[in-house]
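Next come the structures, one after another.
The two complexes that follow have subunit A in common; it is paired with subunit B in the first and with subunit C in the second.
Let's look at the complex of A and B:
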């Protein structure tokens, strides 16, 4: 594989990791969040600061980054999750703008120049880059998918999904809405933090604009395209939306327009995504598997 | 002291423009419950159409009229073909469609008109006002006069006419309103026409006030006006207008006098989060 393909793949995998985090919040727990890039950024900045200022190695820093991001997710989620769905969408947009502004205006975070000189990840004395770093990212993605799968099976996850479907009915069954929404929020933001740490060590230079509101929209587009609340949706979405701009390189002028149009057509005609319930692909697959007979 | 008053008047002008943008958003949220982010796209398109027509004909009145008509059509198209069919889905579905639409509209403007800033230099045909040493420039006078007229007309329509009664009835309960003979769909059309026409005026005024029209001019207003309708109380039009005026003044004064380490655009969101913590129904909202 050429290093170009590897680099593109690394970004796709990192985006998928972040998207899986958002999938837990939006897809499973039904809490619309439009500020996911803020947590991606918090992860990247804490990883960058821990490695450049505190000289921590990645293996110690990464769990710490997830703790920090999840902790900030908990603090920010506490007031946000008490409000209604529409408010939550706007509040999370606000969080994204404020976090980006903090990165930009507080000198500690490097201001507009960002943070540079982030070291590569070392494993047993070897510097990981290219294929080996892709391997590390894939391992992390595997872990994230495993957690997502476990989340759909365990009791807490089922409680979250019940809340996402019908909050009143679920809370009458004794499920505390705030507690389980927060749980989903913390797990989701911690995943974004992990993605951020991997991003910081891949780019080795980060700036506030990498984590602005458009990035949140892009991550949300990934899971809308792939299928919200499905296990493989975020991965499919990340692969398609990550590869499209590379395939359409010659049309780079029209890239954002293409993004908008794809998202609009998708949400207008297939709101459940490529892999969601009663989507075209799922119907075709069903037909294929059942040999054309819908019943048995 | 005079500087302070002049600064406040500038802030009031900025606030009036915010209010014009936010009006349409509050009206649409009140009736459909959709967060109409693409409203700022309509505002950008309005500014470009106004600029284009002004450049061709040299008539400001023509520019505003053409902008209003074109944007009204655009608003109704968006409502008919995108929002209305999506109302049966959870609220994030129309919201995402709106964001996608907004991105598309911005890019469309960039591709058609080019990425560069167009200067929209003209003086509004209004008199210059002078009290003591305070001078109000023609542009400011024009912005005050135009926005005050729009607020008054809108206030009159919504509170004093039968159409306004039908609008309020539809936003409370569309099914019951239609059972007493109100054509809910027509009311929604009218709201989109009103809101989009006002957005076009706002776009043209912003273009003149800052003397620039560019593709990304809608980005900050798009999300700031969302924060404003939360601060004003979701669905409360008066609340949104008052919140917008206050924000305009607060921003201008804070930039002028206090040395805050945050950009002015973050202020709206900080105010919003403070309001949400202290009074979740918004400054002027009713009930919890």
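Let's look at the complex of A and C:
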């Protein structure tokens, strides 16, 4: 593989990791968030600061980064307990702008210049980049998918999904809205934090604009495209939306237009996403895999 | 006294829906609150499970404990379960997953396998469809799922909200028969709120008649069913 393909792949994998986090919050727990890039950024900045200022190695810093991001996610998830649907969407947009502004205007975060000189990740003395770094990212992606899968199977996940479907009915079944909304926010934002850490060590230089509102929109588009609340949707979405701009590189100015058109087409014709329930692809897969036996 | 409601007032902004309603339910009873559309029946049930706040002087006691200020999920844990209006099953969860949500937090106390067997005896269709998404069920099947989802936790009291709404007459009869059986054979305490006065009075021990947010009559169901005013107003006889 050429280093170009590897670099693109690394970004696709990182985006997928962040998208899996959003999928927990939006797809499973049904809490709309348009500020996910804020947590991606918090992860990236924590990783950058821990490695450049505190001199921490990645392996120690990464779990810490997830703790920090998840902790902030817990606090910033609090509005979801009070406001719903469209109001929550606006609140999360606000959170995104505030976090980006903090990175930009607080000198501690390096201001508009961002943070540079982030070292590469080392493993047993070896500097990881290119293929080996892609391997690390894939491992993390695997872990994130595993956690997502476990989430759909465990009791807490069932509680979150019930809440996402019908909050009133769920709470009258004994499911505490407070606890499980926040749980979804913590898990989802911690995943974004992990993605952020990987991003920081890949770019080795980060700036506030990497984590702005358009990035949140892109991550949301990606899970809408792939299929919200499905296990493989975020990955498919990340691959398609990550690879398309590279394939259509000559039309790079039209990238946002392309996103818009794809989203509109999806919402009109496949509202549940490529892998969502009742989608064309799912029907075809079902036909081939189960020989037409409709099980679920 | 299992459930005791004192001076229940419910207001939505300036509009008062329920005025000083008091009633009680003994363990093992089947009690109905009947009344027309907009009389405040659903508001009362929602206040009982903590989904709408009640007025200042109001108090709700459950097994002798004041639960007036408990959030709804804690009331559910204490054994108050509701079959909501129009079932409100979780559409994108399977039938089986819907049933599982019913024992959330009570896994250790409930023998899931035994409970499921018992419930499938009442509602065989739920076993047939256990892997199906619940939005693919018919209205009647969703109501059965909602009842089963509430019953799986072995509730101390079952609240049933307008279960006849949107069901065809034959099913209404069947569902009320099941509710009657649950009460008589298994001793489950049930509170039904209903527009369909005849069907609910037939299976009830006692009933309250609600009009414009006030209780205007109460008594034994067998007596109320004979009452001239009730027959005129609700039974159309």
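Keep in mind that, in the parts below, the second predicted complex is superposed on the first by the 284 of 296 C-alpha atoms of A that agree within 3 Å, B and C clash if a C-alpha of one lies under 4 Å from a C-alpha of the other, contacts with A are read in each partner's own complex, and residues count from 1 in each chain.
Rule of thumb we're sticking to: a residue touches a chain if its C-beta (ideal position, glycine included) is under 8 Å from a C-beta of that chain, and two chains touch if they have at least 3 such contacts.
Only a predicted model underlies this, so the values are computations on that prediction, with no experimental measurement involved.
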{"item": "Contacts of A:172 with subunit B and subunit C, given as first, second, both or neither", "value": "second"}
{"item": "First, second, both or neither for A:271, with subunit B first and subunit C second", "value": "first"}
{"item": "Which superposed partner A:59 touches (first subunit B, second subunit C, both, neither)", "value": "neither"}
{"item": "Greater residue coverage of subunit A in the superposed arrangement, subunit B or subunit C", "value": "B"}
{"item": "Touching partner for A:260 - first (subunit B), second (subunit C), both, neither", "value": "first"}
{"item": "Which of subunit B and subunit C A:248 touches, first, second, both or neither", "value": "neither"}
{"item": "Touching partner for A:158 - first (subunit B), second (subunit C), both, neither", "value": "second"}
{"item": "Contacts of A:93 with subunit B and subunit C, given as first, second, both or neither", "value": "first"}
{"item": "First (subunit B), second (subunit C), both or neither touched by A:83", "value": "first"}
{"item": "Subunit B/subunit C common contact set on subunit A", "value": "none"}
{"item": "Parts of subunit A lying in touch with subunit B, wherever the complex brings them together", "value": "26, 30, 32, 34, 79, 82-83, 85-87, 89-91, 93-95, 97-98, 101-102, 104-106, 213, 217, 220-221, 224, 253-254, 256-257, 259-261, 263-264, 267-268, 271"}
{"item": "Subunit A partner contacts - residues on subunit C that touch it in the complex", "value": "49, 51, 71-74, 76-77, 81-82, 84, 88-94, 97, 100-102, 104-107, 131-133, 149, 153"}
{"item": "In the complex with subunit C, residue positions of subunit A that touch it", "value": "155, 158-159, 161-162, 165-166, 168-177, 229, 277, 295-296"}
{"item": "Subunit A partner contacts - residues on subunit B that touch it in the complex", "value": "29, 33, 35, 82, 85-86, 89-93, 95-97, 99-104, 106-108, 111, 223, 226-227, 230, 234, 261-263, 265-266, 269-270, 272-273, 276-277, 280"}
